[in-house]
Every structure is written in structure tokens, then in C-alpha cells.
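See below for the structure under consideration.
The chains carry the letters A, B, C and D, assigned in the order they are written, with residues numbered from 1 in each.
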């Protein structure tokens, strides 16, 4: 039984396996399948200052080894979250992290301020990378200057752990990561979805109501691994890796590339028990390979010179 | 039998199906499987001013619905091409297009100048997007300014059709496409490979000798379709679409999104006869849906407002 | 209602016609409780083209035999693969999912179950359940032609069956909403499942005649358990998840233009 | 040599032990000519984890029966899937690919064929070919233990067979390069295929003793026909494609540190 504890920039995780925002609901949806308290961290749905209906239907398209979504941050707003959902989340015995989205810097700041008061929410994940709404923050996340600006503003308003979720739809993700680190992020998580599109040749229409949507699943894993590797070399804060993780081996690949923790997204749809399997599988890998702690493999990729 | 002819910015194609550089050799490799003269255009290997050995082995990794390559522009240089390979290509009865790569602007210009003399080469494809060599041109293709500069320089030296191949590893591909159009490109082709990475959890080493490599195959199709759609809206020159096309339906999706022609890459490895099947399939689609010409479906995607 | 992920074993795979097949599955322990209208998310393993699970309605549960039935129409790669599954093969299901048709109140006992196409699937389980509870369900089933009318002998066990076919090869010629039973008999409640145009026609008939009506909707789903928010229907109360707040909706809550 | 893409039909799939199986395939017309050392690129259809074809050596061609043999080791998803293929299933092959072992000159007739692990696969076809051409091939086959020594009865049809096993359960104990035949008999030519460390040891022995030696290399391949340049071996003459300029190389052209 290897040591799976991780100190993620001050945030203590019992193990490095978290769930990705928008793919695990508020956790309760999975209670019949997993023991929530065994998960290292649950990142709940993208939350905005006000109620959002999200995009019209259809919002989903299946693609080779992946899927596109165009949910568009449907949620009932931060106040509803605090009053109606948070009380139940208080009973969940693990890190519950709220993914915060916004259209303006003020939106982000105001939402983060409200969440700062919740004692059982030790961290937020600042989503500056949602590709699915016109003002979903992706514009913030695709330019170092604006990324820095929004992170700085939220930093002033939010004293606890601030993870910043980066967009892969950029030329140089390391540059954005550095800007975000400079602005006061405690960690970065990547990748959010790649901007993609699906066309129905039969109807000659886009499959998604929004034409483009966010690509996730195993198809994006090579890109995610590359970006995690580039980012881990570029910053001193911990990197949380995600994108296409379907099993423990995939997770190990992210640790080797430099991730201090990982998130599981789309895989939850295919196998709702997957988080438990990945935690067990990581432990087995460490045991079989003689590592006493997960820390031993973080960034341990051997690069020939 | 629908009309498959395309006038691609002055370049006459008997049909809109081409083969992607680096995936079809010089064409001869496929002679046992296809009738080369039936293909709309053959884009041969990345050619550089001097002989290049390419990257060390291993150069390939399989990924979910795709592959990574790190060939690194291995080729014998433009003079060898002109003296030893071109004479045989003269006998091939279709458009033979040379993919031109370089490390410096001078390299590009010099290579293009030499190719301009070859009567049976009606066009070049300027590769400003190879992710697999340090000076492979991807740096040119990831910034509008440098893309414009190299295209302008080659434009002066090369009077025939100049297709410019764009990198998908950018924040805003439409911006690069506009810069390249402004600099005198006759068409743009996209996408080149997405920069990715593969890790071997067993050996804890990267799979590729170069750590990162170029991702291709069906996994990239959603991203490619999105970029073709964005680019076709942004420029007035024709767009050549590629990335993950495995069959005629995939090709149709690219036409609908705005591509005037398509290229087939990785699919040639899975089925060496695929070009013939795609040409036949496009024709069937047009016939079945009552379109007299391929031109009827280019950019014909119906977007609800 | 508790949800499970189970490996079930195929005990029969009956080809009903060129398009439809009936899978019977069993579990090595007692099958969990399921309600009429609920569905399962089926994993199509080892298929490069079907990454996500496929939602399929619970067609029937044979408690004696500990068997779960799925009635499936071949429309794409996933269902075509399932059609070839041999007896003995294991099928991974996440189930039972979704709400269910609401209970019939004792004062609404004239009940009509209208199914069209593969939408007859949940109607069998619903009919059996109503019959067991002492109601006398009446079925109205529609199809293109006689050979597309499935499980008729099963349906007749639970109530009177009326049919329409588009070509007139069985029952009355035309669409379900044109069947004479609708003018001859008065119903208090209609449950329906089928192609959207059919359900809209039924909804329109029900609304005009002041009959309460519930419809089971289809939608593209990624998770089936309310986590992804991909499967929404636009209702009068905003976007609702078809997989958890549906698939059964009271038509008065929908924004259908009827 | 002309290459083909053909659908072949499986006539036998023999499990040789836990790791190895032998596929026999036939074609509805006469199989094309193939040379010893060549290989086929096999399509693993309908598998989400095997996107590319898998290169497998031609193990043997039974011209009478119009049968092509592939000797395969289970190492990953693709080969594990192939191991389960039933008789009658169709397998899509692109073949025959690559160069071949060079012809034996009449003045080099003392020839030794050294195979290790699944590397014995091309040796059977090569031995049969040499025998047919009037030579007397000698085989030296190495494996972990007796149960891993495959097709021994086939090999003995074409020449004398010596074996080594790491546990001494068959033949001499140790590695092929430690076998006493190498000191007892003088050879003019060695052909080898097997794990790289074994081939390097063979190459080292051959070089020291001035024996001409050809080795068949393995490599990760995407296309198998010289189009992608993924499969290079670094030779004294620069990068060469294992799929077209190999898989067989004269060891004097390689840059092996031996």
C-alpha cells in the first residue's frame, strides 16, 4: 500500500485522483457507484454568478474515441449552489472544489468571494477556458494578458487554494501558465476541452446547436500529455493533469509527465465506477514497481539527452 | 456521374481528392493499389534544400484513433528530388505537388525557386507547420507576422500555385490564414498535425525519440473540421481540408464545412486503396443527393440562426 | 431508486425482422427493481465507433425467469453490433435509469397506451405493470406495415390491442391518431412513446380532448445519470435532463408547438 | 514484387501454447508469390485500441493447400484479439512486404538458420525454400523452455534441428550462441531472426568468425510500404526503412555496437 497523499500547493489530497468539472455533477449522481469519500477531490459543475440555462439542444456528438459537448455552463447560479447544494456537500468527506466561470472579471470575483465563506470548500478551480459559451472565459484563457488580469483580480478576493484551469486552444500554453502563476494561482489544471466541430453529412447541418463544441475523451490524451509536460517544466506551482484519462495507466502517464494530481472526466460516463478503479490501479502500479509514494513518479519521465 | 472538377485558385483538379504530404511517399509506393492518374493531386514528401536524415528511431506511437509521428522531414534534398525522382513523376498523369519545408526563409525561397523550373509540378505546398523538427517551420506557422514574412518571400520566387499549409497548434488559425492570404498564397491547406506526446508507463520513458510528435488520424477530425470552417469564413482563397479523413462521409463533412478540396493522410496506412474509395464515395453521395457538381456542397452547411 | 452497473448474460437474441431484435438478459443474482419507462445504458464493448453507452428502454422484466428484455432497432453501428451478440455473451449495463410513467390514479382507469416504432418497447412493461395493479390497459400500436408490429402476442396478454399500419396490412390503415378507437372510446389517460411527430400528434389529440398525457422522450445521452447535462429538453420550467427528470414527461410541461 | 490487399479466410487457428498460435489462411484465388523473410500487414478490424495494421512475418506458404501461415505471439491487444479469431473469419492483409533473405550462393552451402522466440517464424519458410533449392539448412532454435519451442516437427522436415533452452528442458541449456554446434561445425552463412539481444550476440559471433550474416529486424511500423518513414534503422548508409529496405539486413551494414 503506497502513500498516495499529495500536498497540492497547500491543499491536502488523500490521493491524487479528482473528478473533472462538468462530468461528475455534484458527486451525488455517482453515489450508487462509488464511495465519494475515497476520491481525492470532487470538482463540481461550472458555477456562475447568475443562473444559466446553457445552450439549446443538441449538445452532444460522439466522435472517434471521444465526444463533443456544448452544454454551455448550465447551472442555477452561485446563490442557489450555496443555499441548496452546499449543505449536502458538507457531508461529503473529501475536498469539494467549485469550478468558477464567468463572462466578466467582476463575475469571477463576485462568485469567488461568495464561495470563500464556505468552510467545506477548500479551493476553487477558475475556469478561464470554457469554449462553449460566447463569454465563457475562453477569451480570458487564450491570451496571457487577460488570463493574468482575471487571476489577479480573483486572487485578491479569494484567500484559499486557487486552481486555474487552462485552455488547450492556444499557441503556447506554458506562457499562459507562467502568467497565471505570476498572478497568484496556487496550481493550474489542464486541459479543458479542445474546440472541435461535428457535421452531419446526411442532413448537411452541424450536429451541435452551437456548431462548435468541446472535445474530450481518449482522443485528446496525446495533446493533454504534451501540454502537461510543457507546463510542468515552465512553472513552479503544481500541475493537475487531465484529458482522456480512462484507466490507471493513463493516469500514470500524466504523473510521469509532471502532473501532481489528475482529474477524470469523460471516463465517468463510460464507467461510473472508474475513479475507484484508477485509485486502486495507481496503488498497484506503485507497489509493483517498488515506489513507496506517488511523489516518486511525479515528473519522473526519463528523457534521453 | 457528378462533376468532380475543381478549379483551386487556378489549379485544375480532376477531382478534389489529394494525398497528404508524408503519407503517400512519392506516389509510386501505392502503384500496386491505386491508379495514380485517378487522384486529384499527389502531394509528395516534405522536401528541404539539403538532405536530412530526420529524427532518430522510434518515430511512431499509436494513440486512441490515431498516431503520433516524429519523422522529422527525412528526405534527400531538393536537388536529389529534381534529378532522381522528378523524371519518374513526370510520367504520372495528375497534379504532382511538392511540400516544401525549411529552417530559414532563404531555405524556403531557394527550394521553391528550384522547383519553379519543373514543368510537371504545377504547385507547391509551403509547410510552415511541421512540429517535428526544431527548425521545421512550425515557428513560422504559429505567428501571423512570421507566416506572412515567409510566404511573401516565397511568393516573389515562385510564380505558380502556392498552397500554404497551416499549423493547428495556434490560438487563432483564421488570423494566420488571413496573413498568409495577404502575403499572396493561392490557397491554404489545413490541418498539419497537432503536437502531442506519448509516454510508456512501463519503461517510464517517452515513446518517441523526440518526446513530442505530430498527432494525426480520426482523433483530430473534430478539430480539423472546426478549423476548416473558421478559416473558410475568414479568407477568400480556397481552403484544402484534411485531418482524420477515413472515408467519403468524412470528406463530405469537410466540403460542407467549406473545403474546396481535401487531402487523405493517415488513412492511406490503414487502407492503401482508400483514395479510390473516397473518390467513388463522393461521387455516389452527390448522385444520391441530386447534386450535379462537387461545387454544390462546398460550404453548404446549413447553420440555423 | 438505486442504480447498478452489472454484467448481464445474454440468454436469447431473437431476430424479430430485418430491423428489430429482442435481447433477453439474466443476472447471477436477483435483478434489481425497475419501473416502467426506465432505461439502461448499454456498453458496446470493443467497438471503435461506439465510444459512449447506448440508452435502451426496459422492454419487460420476467421476474420468474429473472430475465430483462431489451427490444432494439438497428439504426447504427452500436445497435447493428448488438444484433449479432451471441447467447452467453456478457453485456454491461448501467440501470435502471430515469423516472417512470407516473402511477395511474384509481379515478383514471380508462387508460390508453400508444406506441409507435421502437417506442412500443416501454409500453409492454407498462402494460404488464398496469394489469398487475388491476387496471385494464388498452394498447394502440402503430407501424409501417404488419411485419413491423412486434410482440403482439405479448401485448394481448395484458389488454386489448388495436393497431394501425401505414399500408393497411394490419389493423386500420393510417396513423395511430387516426384510429377509430379514439372516437369510439373515452380515455382518462394516455401514455405514449414513439417517433417525435407521432408523440406530438398524440399530445395534440390529448390536449384538445382534455386527456392527461405522458410521453417518453428520446435524446442524445452521454452519461445517462444526470451528470453531463447533455440530454436536455426545453420545458416550461427550463432545461430538464431527459435521463433523470425524464424520459417520461407530462406533455403539459413541454414546450411542444401543438 | 507486386503487393496486394486481400481478404483471406481463416482455415485454422491452432493454439500452440499459452503465448503462441498459428493462423492458417487461404485465398479464393491462388496466393501470390512470396519470399522468405517477407511479411504481411494485418488489419485488426473492429478494435478500438488497434488503429494501425500489425506486421507479421510469413511463416510458411503451403502451395498445395493454397495456405499462408502466420505464427503469432500474444503481446498486446491486437495479437490477443487475433488469437480468438474463429475459423471462417476474414482477415485483411497487405502483402507480401519487405525484401527477403538473400539467395544463398552455391559456394556458401553450409548454412545455419538461427531463430529465437517468435523470430523462428520466417525461418521455417526460409528453411523450406533452401531445401527446395537443394541446400541442407541446419536450424538452431532457442527458447525459454521446451514448451516454447514451436513447429519442431515442421522444421525437421527441412533440415537438422538443434535447440537451446534457458532452463535446459530441451536441447542444450543456455543461449543459442552458446550451443556446441557453433564450435563443432563451420558455417559459411548465418540467417537469423529473434530478439535484438540474441541477434546482436549472433552478429558478434558471425563477425568474429568471419561468417556472412543476415538478420531480420523488427520495428514499429505505420504503413509497411515505405510511405511514412516511421520504421527506420540507422545503418552505415543512413536511415533505412525496415519495411522496404528490410526487414532483412546484412549485419555489416548495421551500426550495431557488437
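Please note the rule applied: a residue touches a chain if its C-beta (ideal position, glycine included) is under 8 Å from a C-beta of that chain, and two chains touch if they have at least 3 such contacts.
Note that this is a predicted model, so its numbers are computed, not measured.
Q: What pair of chains has the most C-beta pairs in contact?
A: A-B
Q: Whole-Å distance, subunit A centre to subunit C centre, using C-alpha means?
A: Those two chain centres are 36 Å apart.
Q: Roughly how many whole angstrom separate the Cα centroids of subunit B and subunit C?
A: The mean C-alpha positions of subunit B and subunit C differ by 48 Å.
Q: Going through subunit B residue by residue, note those that touch at least 2 other chains and give them in order.
A: 61, 63-66, 217
Q: Could you tell me which residues belong to subunit D and also touch two or more other chains?
A: Residues 48, 51 of subunit D touch two or more partner chains.
Q: Taking the touch definition from the header, please name the shape of the chain graph: line, ring, star, complete or other.
A: Topology of the interface graph: a ring, with each chain touching two neighbours.
Q: Determine which chains touch and list them pairwise.
A: Inter-chain contacts occur between A-B, A-C, B-D, C-D.
Q: Going by the contact rule set out above, which residues of subunit B touch subunit D in the complex?
A: Interface residues on subunit B, with respect to subunit D: 22-25, 29-30, 32-33, 45, 53-54, 56-67, 69, 71, 74, 217, 266, 268-273.
Q: Once bound in the complex, which stretches of subunit C touch subunit D?
A: By the definition above, subunit C touches subunit D via 46-48, 51.
Q: Over in the complex, which subunit D residues touch subunit B? Could you list them?
A: Counting only subunit D, the residues touching subunit B are 2-5, 43, 48-53, 94, 219-234, 238-239, 244.
Q: Under the touch definition given earlier, write down the residues of subunit A that touch subunit B in their complex.
A: These residues of subunit A touch subunit B: 63-66, 68, 142-143, 169-172, 194-199, 201, 203-206, 209, 211-212, 215, 217-223, 225-226, 229, 244, 249, 252-253, 256-257, 285, 297, 300-304.
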